[in-house]
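Taking it in order: structure first as structure tokens, then the write-up.
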């Protein structure tokens, strides 16, 4: 029996866009990063958008993802990773779950803040720059965020050739004062470029998928989850007058 | 012909919970507050939650409300008011709309900040205190927010007898340093207690429904809307490869 | 009878500098922007400076303007607009008035903050850049202010040819990260360039005179004014031992 | 010849309210605190308010005080102390002066911030609490200000019996987390109670008159004054088209 | 061979104060919390203070601890945990090390910030309250820190009977608005009370020793360490003109 | 007998690096800046680093400097100046001392904040930029700090030819928005360039050695020292169970 069963929840139908093997490819990368005793599952939200490149698409993804998350907790998962760097719906998920829900952006910002003075986020398109800045503000980490830079490549066009534009965006972030970097998109996370970028640039470059997985393992191994005083069960659900979704 | 047609968008099926006449009652109150030349419409999101008392329910309400909003812009409305004090999905709406989308909490905080040094928000249940604090942080107005106090009455139990608990919550907010108050729930807004509270307490008490209506009139009369540089159309919608919802 | 009588208070003897018809020209523009039922009056402070381009001149303008304001309230005005973008003496006016006193900078910043993430202010001379930054800090909106840019044209030299330098300053503000703009001088406000700039630049450009007028209408129509708990009557005036001015 | 001639500028006609000997009493206390080689002068603004207990009265005091200050610089004074704890007009004075203008509140806050983690200000009436908070915000020191407490004694009623209410206000400030205190009124400063309070309470209690005098000596002895890049001469005065007042 | 060798560095001669078995007791608790493949070592700084209850003792502990840390890196350790909740010298250690140096306070604050909105720290004595607040400010997390409460038990008197005073301090922290708690002293961490407190209080209570261990495992397993751009090798050491200690 | 005996404490063995006459040269410059009645002593920490260009070296300097400081207080000194611009150990010193301990960086930032809106610090090497930013954050003055610029000259290579690189760094700081400057290294302070830079650049340029001396005189002349409520004596020293060092 696994010590910890962790679900990676993709908020959109990624297998429709990239083929069903992409789902398994991501799961398997995660499993490879996992500690002994961790079992990684993956699920996708069929009702979500094809890719998430705006606040609008973030919101669209949430209800379906919430249904998946609630069901994963019932199925015995020990933690869930929200598979979009925009952490869409994070506070809402925590209200309906008792197991930890890890937001890759939140988790990565808190790790980056321990590795440097000012972190930079490198992401896909200008349209997500401001939503990511908002996450830093909500986390109270705006004073630690140096910049958010886009490499101007849409999510679904990220592939093996994308190293160069990502590298250039990283260099811009360093020039803007960052001394630690975060890859700000989950499709970027699964490109496998973080280590190469880190070697070339001489600063830590965080892979948010791996950081989120390790955060989930961290929390489950310590028996920790979010505070229900901070994220109370919605009153009507707590009273039993309404079921979750 | 009306100078401005403004839609009040209720993010849940309020007529199911409170009877269909409640919808018209609210519309008619808004119409009564409106300037000459303003035409107020109302619509409800049939796919939304019965009432909104948590971040979870806020998220659940958004996709259906977005469909209503996009359709209202196509139908020629000049501005939309988001009929939940939690402003759920506000940044997302602005991406898909070119007409102004008014968030009652955001609008009320910015008015309250012009009437006093520290405003307080009085709301329904403890479960929405933190979501409202988050809105102040996102707006950059946390230094102006004195407190958020709940009167411990669920949304659907707010009615003519609710004056006393609301008054007590207002008094707590004043004791915590607020010098201007905001009613932090749209069902509270339509109770008609703001003026009475203001007279009794000697400080401005903002009715967020009326503030949101006046903000919508303000913007349309000046030909102003949100910046598309700040809230760009989602890239795939802009490219025409995906339709709004 | 008018629904609302609103006074536009010019803190210096503008008719001496620009001819008496300038006063009526401004009043008439304001009246044109007003809603049905609003009556706009105008008055100038004969004891004020010729134009306001420094904190020094702001302070010099205040006592005479306060006399005008106190007298306007006695004469039955329902709201007053402080006709200088530096909002000189705003907190002091509110202590001696019970009717709303609208500061064009304060009002415009709070509207701009609802239209974009980061607003920029475009003003006349470098000498007022820091006083305007101070207003953002006092309002608690410094995190929302992208920049203040001067177009290097003195107040009294602003005229029909001033479009180009103002446009250039706007472009600088956008380059500095602003996504909504405010014209930061009342003489600039009455040039009639806000709409043209907005069309050319594709972002909202706020005319602070129009925003202030609409804010005054907003407040009077809702029966709102500043909190006397926040801006108490000066103790000796309250005690009747000293008269206002 | 004196090393430094320092003017203490009283912004209202204090000799009218408290007798002409009060002016000399204050000058002589300041002279007693001064270093060898410092010559203290005193002047009062005949056009100012009887006492300053509101933002309104602060503004009323400024123009007359500015005339006195400009004339003091022409008369060869080396530095001026603004004799009101509200620092009324400080930025404006610095624009028209090249010699240092010391604000007692600003100077005291910066010293107190070096003596403890959180300072408290004890002042006369509730009506000046918010204006003092605003000064902390303008100085960027709001995170260091624990509280502002009023002892509820009007300026002109402060006398030898006032020790008890001031002590009680100090105790409240300590209970609110302050670990260093500032007497927040110049009439309180000249009561001679700072040392006694400090002994009784076991924390530093700053006398703002003495702190301001020492700051003026500090700056003149180092040949320092405010930056004219920060406080430029008002453009029309710099151009010679308008005289100072 | 171990996957990761992690040193727990006690900054003072704890075996002198509590007996040599205390060192092994702590190591063995850490080893018990570790993942398969982690090897925990422990070392104590013989030149450090008997216990750390002040900024003064923190500074005294640093040079000796730095010698131990530099030597541990040479000996092949993969990460070091700084065994004092005050994180004394953290930025200095990172300059001379390339392996990760984990500060238990820093790490715990960043985890707590992911579990609730406002965390509280419960510590030993009033004398360390302000040093801990300073750490939150340096981390940029002051807006997330609800309070620091002391249980008024000196470090060396913490033992099995200390549950009650710690519980009371936790309850004070919750009353002050915290919704997640951190035990703010390493001797408190090894009492084994975190889980019991968490059960009794219904909020997450972080054990900083365990959090620090898991953070060290996290970083080593991802091949991450602090940014040398953020924490450059001291210039003279980099130039080889001076050896580390 | 002197009115005030002030010790300038050099945290490293400067006479070893620069010859014993350097110690007397510095003392004599300080004595020259002092007021009549002040007696300046100087002492160096033989156990400190050769020069301080990193957080690491700052920490190494502290214990020896603390021994010197404690002994200086016993010897009757009235105040101590910490002779390193990084203010290493400042909070720790204040715990074990009752006489004022002046940090040159802290003191200079608080004076600069009274002379301009945004101050810049010009220092030696990039390796101390972040430690100085941290001091601004700890002081709560980060919103007033425009920039920290290094002139890329190591401490021990600062000499008469260093004017040009320092000037260039100053110009960069002004270009970054500073309107008042601080020389951010004590060896730079004793170069005697502050006045020349100030004349050439037209803004105040603070010499931190002179500012620290004047701050020490200021505090002693007013009978002020740091709050022991803020910086309590370490509990074991207060209890007499442990001696200072």
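For reference, chains read A, B, C, D, E and F in written order, and residue numbers begin at 1 within each chain.
Basically, a residue touches a chain if its C-beta (ideal position, glycine included) is under 8 Å from a C-beta of that chain, and two chains touch if they have at least 3 such contacts.
Worth saying up front: this structure is predicted, and the values here are computed from it rather than measured.
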Key: Touching subunit E and also subunit F, the following chains   = A, D
Message = Matching over half of the contact pairs by residue number, can you pick out the copy of the E-F interface from B-C, D-F or A-B?
response = A-B
Query = So which chain is farthest from subunit A, going by the mean of the CA atoms in each chain?
reply = D
Message = Using C-alpha centres only, name the chain that sits farthest from subunit E.
response = C
Inquiry  = Just the number, please: Cα centre separation of subunit A and subunit E in whole Å.
reply    = 27
Query = Taking each chain's centre as the mean position of its Cα atoms, how many Å separate subunit A from subunit D?
reply = 53
Message = Could you work out how far the Cα centre of subunit A sits from that of subunit C, in whole Å?
response = 45
Query = Which residues does subunit B have that touch at least 2 chains other than itself?
reply = 117, 130, 137, 140, 143, 230-231
Those chain pairs that satisfy the touch definition = A-B, A-C, A-E, A-F, B-C, B-D, B-E, C-D, C-F, D-E, D-F, E-F
In the complex, subunit F residues that touch subunit E = 49-51, 53-60, 62-63, 66, 89, 91-93, 95-96, 125-127, 130-131, 134, 137-138, 140, 154, 230-232, 234-237, 242, 245
Inquiry  = For a test of understanding, state which residues of subunit A touch subunit C in their complex under the given definition.
reply    = 130, 133, 137, 142
Remark   = In their shared complex, subunit C is touched by residues of subunit B numbered 33, 35-37, 102-103, 106-107, 110-111, 113-118, 139-141, 143-144, 174, 179-180, 195, 202-204, 206-207, 210-211, 214-215, 218-219, 221-231
Query = Quick one: in the complex, what on subunit A touches subunit F?
reply = 117, 143
